[in-house]
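Paired with chain B in one complex and with chain C in the other, chain A is shared by the two complexes that follow.
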Partner chain A sequence: MTMKYFFLKRIVEIIVIFFVIMTLFFLLFHFAPGDPVSRMVDPSMTHEDAAYMISQLGLDQPLFTRYGIYIKNFFQGNFGNSFHYGEPVIQIIGDRLPNTILLFTTSIVLSAFAGIFLGRITAWHKGKLIDTLGTILALVCHTLFLPWAALLIIWVFGYQIGWFPLGGILSPELWIQPETGYVAKALDVLYHMVLPLFTLCIIHFGSYMLIMRSSMLEVIGEDYILTARAKGLSNRQICNRHVAPNASLPVVTSVGLSLAFSVNGGALTEIIFSWPGIGRELIFAVTNNDYPLALASFLFISIVVLVSNFIVDIVYTYLDPRIQY
Partner chain B sequence: MALKKTYLQQARHRWLSVKAGPYLAFFWQNPIGKWGVLLLITFGLMALASFFPPLIDPMYHPMTGVDPNISNVTPPAWNHWLGTDYMGRDLFSQLLTGARVAFMVGVSAAFMSIVFGTLVGMTAGYSGKLIDTLLMRAADMIMLLPTLLVVLLLSSFIGQLSIWTIVMLIAVFRWPGVARVIRSQTLSIKEKPFIDAARVAGASHFRILFRHILPNVLPMALLFMTFRVTSAIILEAVLAFLGFGDPGTVSWGMMLQWVWKTGNMFQAPYWLFPPGICISLITLSFYMIGRAMEEILDPRLRKEKIED
Partner chain C sequence: MAEKRACLKVSACVLLIFLSAVMLMSCTGRKNEKNFLKIAVSEEPESFNIWLASDANSRKMLSLIYQPLYIRDPEELDLIPWLASSDPVYFPEDLSYTVSLRQVKWSNGSDLTSSDVVFTINLIKAFQVPRFISKWRFVKKVEAVDKHTVRFYLEEPKAVFLTRSLGVPIVSQKEWEAVAEKAIHSEKPYKTLINHKIEIPLGCGPFVLKEKRQGAYLYFKKNPFFFGENQTIKGHTLGPYIDRLLFKVYRSADVAILALKKGSVDYYWSGIQPGHMKGLTRHKKIDVFVSKKSAFYYMGFNVRKPPFSDPHLRRAMAVLIDKQFIVSLILQGFATQMTSVVPKGNGFWHNPDLPDYGCGLSRAERIKKAYHMLSSKGYTWEDPPVNQNNEIVSPSPIRLPHGRPMEAFTILTPPAGYDPHRAACGTMIQEWFKDLGLPAQSRPMSFGALLNTVKARHEFDTLIFGYGRLSLDPDYLRSFFHSNNDKSRGWNMSGYKNSEFDRLANASLAAMDKFERQKLIWEMQEIILRDLPYLPLYNPALIEAVNNTAFSGWVEMVGGIGNIWSLCCVKHQGVVP
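Right, the complex of A and B next:
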């Protein structure tokens, strides 16, 4: 099996899974107690607008036709209008999705690197003070309750010390001025991103670090490490060139497995830090009974999870040359 | 005949008849396990103590009890050890009740997801082929979904969630991990000679599954239960924190929601800290117990040998 074939197979798998998810939620939408029409059509619309909406979403058609229209609408980006905002759902999603991807990817990459880095240090100094302290730190961070950690971080850095803003993604007064350059804008977003990013990294690096530590210890016991030592390589070379690259593979696997979990954390962080992302929009939509927006945000979040899963697979094959498909 | 009997005996009570003493001693020697159990006992005592405050004075009732002299957030005092919330309700008794709710939700949701996951995992591993593929594909798919967001989306259809609906939802979405592990265990146990012996002796599939395979996968299922308890407690707390909790009960997540939503977060650290510390510590204690159990079950992780 060639690599190309493997990736093709994965892509087909992802598409199938996505269709199953879409179908399940379609069925849920239409068979859950209550009226499907009232879920998709804004109750505050005029009669004509509502009739137009119903015909466009195919709600007056039999189930199979309706399913076809649902799939077609999805590919045309037509999810109806949000009840709460009164705008097309796709516009809101398009607006929020980049923010979520920015926070999500940066936090995952940063926490994985932090976990690998700290796990390497603690495993290399096994049994010493730094190992004990690092392991305890990782355990505590791993079991911290995310919303509480976020509130605590806001309380400390946003309120008591006051270094960082309490929430939001940008300072409007800066963005309104026409003379602000791109660099200043990017720095502003970065400045607002520090606290949410810090929260997510604290929560996620713990488990990566524990995995890295135990897999380092396993690799250190291998014969080829003994060979490396016998060749007269320095400790540093053995650690960086022979142990760490092999030991970091399980971390990549666990990043892939914990993506769904990270999305949950991301949504919580977004809502606490008022980060205008898609997870926050989903939670708001559920609170406001804004069904079209809730469904569409959920579908897009699943796409993010599936695609990042695929990317993790690619990274894994790139990191591990032993893999043969 | 003699051979058959020994194999069957071995299968029947392999796990149940093992002397638990050395294992318990080993568990207790492990500082992680010991501190985990001690922490858990503390929370158990808190949960038990939660029955008393309302008996002392109705104003200490966590939900309905309001101190007649207080109508606002107040700092800790002699009659309110942790202070009161925005309605004058006692925070300490709310905290105690939170422990009870956490145990209730955590243990029942974990138990249900373990039962379900074990059944699915055993069936998949034992029957193989098409059933195996189908069940494991379903498990893979559920594992890809962000549980919290799915539960939130479902709650918009169900309406107000009661504590038992939350428990059911958690159980429904938390079985795949267990099922995968139990399946792989079943696959290896299936090949052992005592299963063949049981089959030759004429045992039905049902009997083989429940009398011969189940006792052998039970330790692993118990281990996973400790991990599932934590994830159930966290999920319930998060739902309550976001305002989707059962309005009839007080949980730690709900206390955090109140302090966050009423805007007392910055002024009332005595209200912000305790519930968060409790959730984190109960998670930590179950996690530590799980790690210590893992060391007993997985000989590779052990530092010293158990003599039995």
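Right, the complex of A and C next:
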């Protein structure tokens, strides 16, 4: 009963928070300086032409009228057309999102596995050489400047050694050939994923490793671990059954939130690796005052983050039965 | 133990498959490379809907598809017939121009006729298409005389009709008629028109879009119906000599340059920063082209408000600015100093006899000259920048002629991330102004906010701004300085008002004689350089690079080698012309 009440309360909270976010985003974009027409640096376009364009885009309407249209359209599932692409924003997000999920979500999952695995090892061997080296590696990777690391990796593996492509999500030369099959195309995308995935993994795994390590060290000092040792359990059993599951809660929170935020991609990674994801589109939409695209993208990210938080709350109760809401 | 062995076997298999895939992939796409030109672009076009597309990349791609009646020749920059077969014939009695068309076919094999031209112009007028309407507003009527003759009736004589209006690309009536018909009856006709998605545009240019993949590539093939093939126009025998054209998206300039060096692409269709020059010129496989741009970078003053409304102050500020320093150090020599608001590269319209404030003076001489200019007009200092021994000293803040100290003012610039040169210029100019006690503060501002502050709200003191792609027709002088354009979102951002200039600008618009118009345009430049609402600073050079191993025959013109002439003339080196 308490649990049901908690979840109902959380759902209501999520709905209220979402509407607050919706309104805040709308107001933020409304009051942000600039408009999509001012950016068109074409001296032959007169101020009358600019005013006509603004009226055609509906930007001359009063604030409340626009807000009303925005809410109405939201409930109709209509997010409008991008001012720059002229396409429905849902379609633009739909085109870019799979690319983002493919790269960024995969990188979070892989780096989380690597981080958790190495975190367990270093914590279990605290004070030994492996711990020192692992911790230094994690700290170095965690503090690497992504654009620099990405360019260096491209230069070494893409240009000097030439094992991997310099960027992009696919090889156009392969895709334009009509005889290219789906398997070859899928392999091609995987091949193009290697360098960006590697870069993202080495940037991200450090934080997961450090969280896992410190959490493990905390759990190792608990009385029940001493009891487990006294019972004569092997190190592997103690580590796998008693320490790691109890130490994984902070990592689950961190990975859950990272997975949620992975849908907004990463503009820098996408630009350097020419990866057509949503992160660069977000930056483009905001800097070019493309309100429909920016609003829809941010709303989508908000929904994913809110829902992910809710899911993490549920997962907590399964991971640790002591947690009561 | 057995588990470990199995695990090792699986890992080895995965590694083997992966390495095989890597080898396979690195070998793909290297066959049938002949006559296959690959070009790197920094962004994909935003839209193939010509009525919406306003970004540089859309324009690049669309210029290969949709063609105008007249085009600029690459050497002299004169307008020459393109879809038209000859120069337009003017009939002064009814203010009409008659244009004859070539035998041109659309890429689907159908004929381009005068109806298509009439339809294009009527569509622009009906939908008030903002990018084009100013070029056609003064055209009363367009009629198809016969299948290959069009007549344009003007309301009044307009010089820009020949130079600007006839440069508008022509679209196919068949492609757009139904779309326009549906859009015109909608609540927001223009919005409906621009929201129409064009997958494969129907054009008559040298290439046809075959396939595009969002964020990755655009694949064009040679248009078998291109009217220019094997024709010699202005000394250039047109092809295209390439069968296939691939645009690959590289969002980072650094990576695009690596791709160029590696031979993954033959040309990077984007300006390259001077910092890359050393690495490019050393590379044997790379040819670098440094071209003039029709660009104009300047310092603008808000002459609506004091003290910037005082031309004496503006002239003194101009003396303090060392353009030679900006060009040689900030732009590393890849720019020319501008002495007029029309770039030197635009030879016919550029007035070469204009004052160049402070030219050739040392730093100390500039300060002294500016000091004398201002002190003679009532500006004062508690501690002047030039002492009684005629030595330069650190001054106190300047006082305006009425005795009050000058308030701190800002020099707005785009941020360094957007344009490092303009941001650096702002910082340098701020320091030069301080040498005279002018309390300047350089303030980088995001481009959108800057435009809104300056163009829509007029809330600024000074700014450093620029236009990277100015039209070759100098009619933009009217846009920038005519008092009618001093409105919110108007192009007269400095708020300059001068009835004499307005008169000349109106006369230049109506002057049908090229030389008479040149005289007026030169006078307009004189007035602007005298009154200095804008102080021209520099015109950056355009640095481009090609991989020379496969293709040659690039055509240089103002604006670089990325032009339709190049793509019609470039040849694989294995092909004998």
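Observations, loosely collected:
Just so it is clear, the second predicted complex is superposed on the first by the 210 of 325 C-alpha atoms of A that agree within 3 Å, B and C clash if a C-alpha of one lies under 4 Å from a C-alpha of the other, contacts with A are read in each partner's own complex, and residues count from 1 in each chain.
One rule holds in what follows: a residue touches a chain if its C-beta (ideal position, glycine included) is under 8 Å from a C-beta of that chain, and two chains touch if they have at least 3 such contacts.
Quantities reported herein were computed from a predicted structural model and do not represent experimental measurements.
In the superposed model, A:Asn309 makes contact with chain B only, not with chain C.
Contacts of A:Asp35 after superposition on the shared chain: chain C is touched, whereas chain B is not. Shared-chain residue A:Ser44: touches chain C; no touch with chain B.
Once chain A of one complex is fitted onto chain A of the other, the partner contacts of A:Val263 are limited to chain B, with no touch recorded for chain C. Of the two partner chains placed around the shared chain by superposition, chain B is the only one that A:Ile301 touches, whereas chain C remains out of contact. Contact with both chain B and chain C is seen for A:Leu151 once the two complexes are overlaid on the shared chain.
By the touch criterion defined above, A:Phe7 lies against neither chain B nor chain C after alignment on the C-alpha atoms of chain A. By the touch criterion defined above, A:Phe117 lies against neither chain B nor chain C after alignment on the C-alpha atoms of chain A.
In the superposition on chain A, A:Tyr159 makes contact with both chain B and chain C. Of the two partners, chain B and chain C, it is C that touches more residues of chain A.
Within chain A, the residues touching chain B in one complex and chain C in the other are 32-34, 151, 154-155, 159, 271-272, 287, 289.
Chain C makes touch with chain A in their complex at residues 21-22, 24-26, 28-30, 46-47, 49, 52, 54-55, 128, 130-131, 133-135, 164, 188-191, 194-197, 210-211, 213-217, 219, 246, 248-252, 254-255, 258-259, 261-262, 264, 446-449, 451-453, 455-456, 467, 470-471, 475-476, 479-480, 485, 487-491. Considering their complex, residues 140-141, 143-150, 152-158, 230, 234, 237-238, 241-244, 253, 256, 260, 265-266, 269, 272, 275-276, 279-281, 283-284, 287-288 of chain B touch chain A. Per the touch definition, chain A reaches chain C in the complex via residues 32-35, 37-47, 49-53, 56-58, 81, 84-87, 95-96, 99, 151, 154-155, 158-159, 162-177, 184, 187-188, 190-191, 194, 270-277, 280, 287-289. Those residues of chain A that touch chain B in the complex are listed here as 17, 20-21, 25, 28, 32-34, 139-140, 142-149, 151-152, 154-155, 159, 257, 259-261, 263-264, 267-268, 271-272, 279, 282-283, 285-287, 289, 291, 294-295, 298, 301-302, 305-306, 309.
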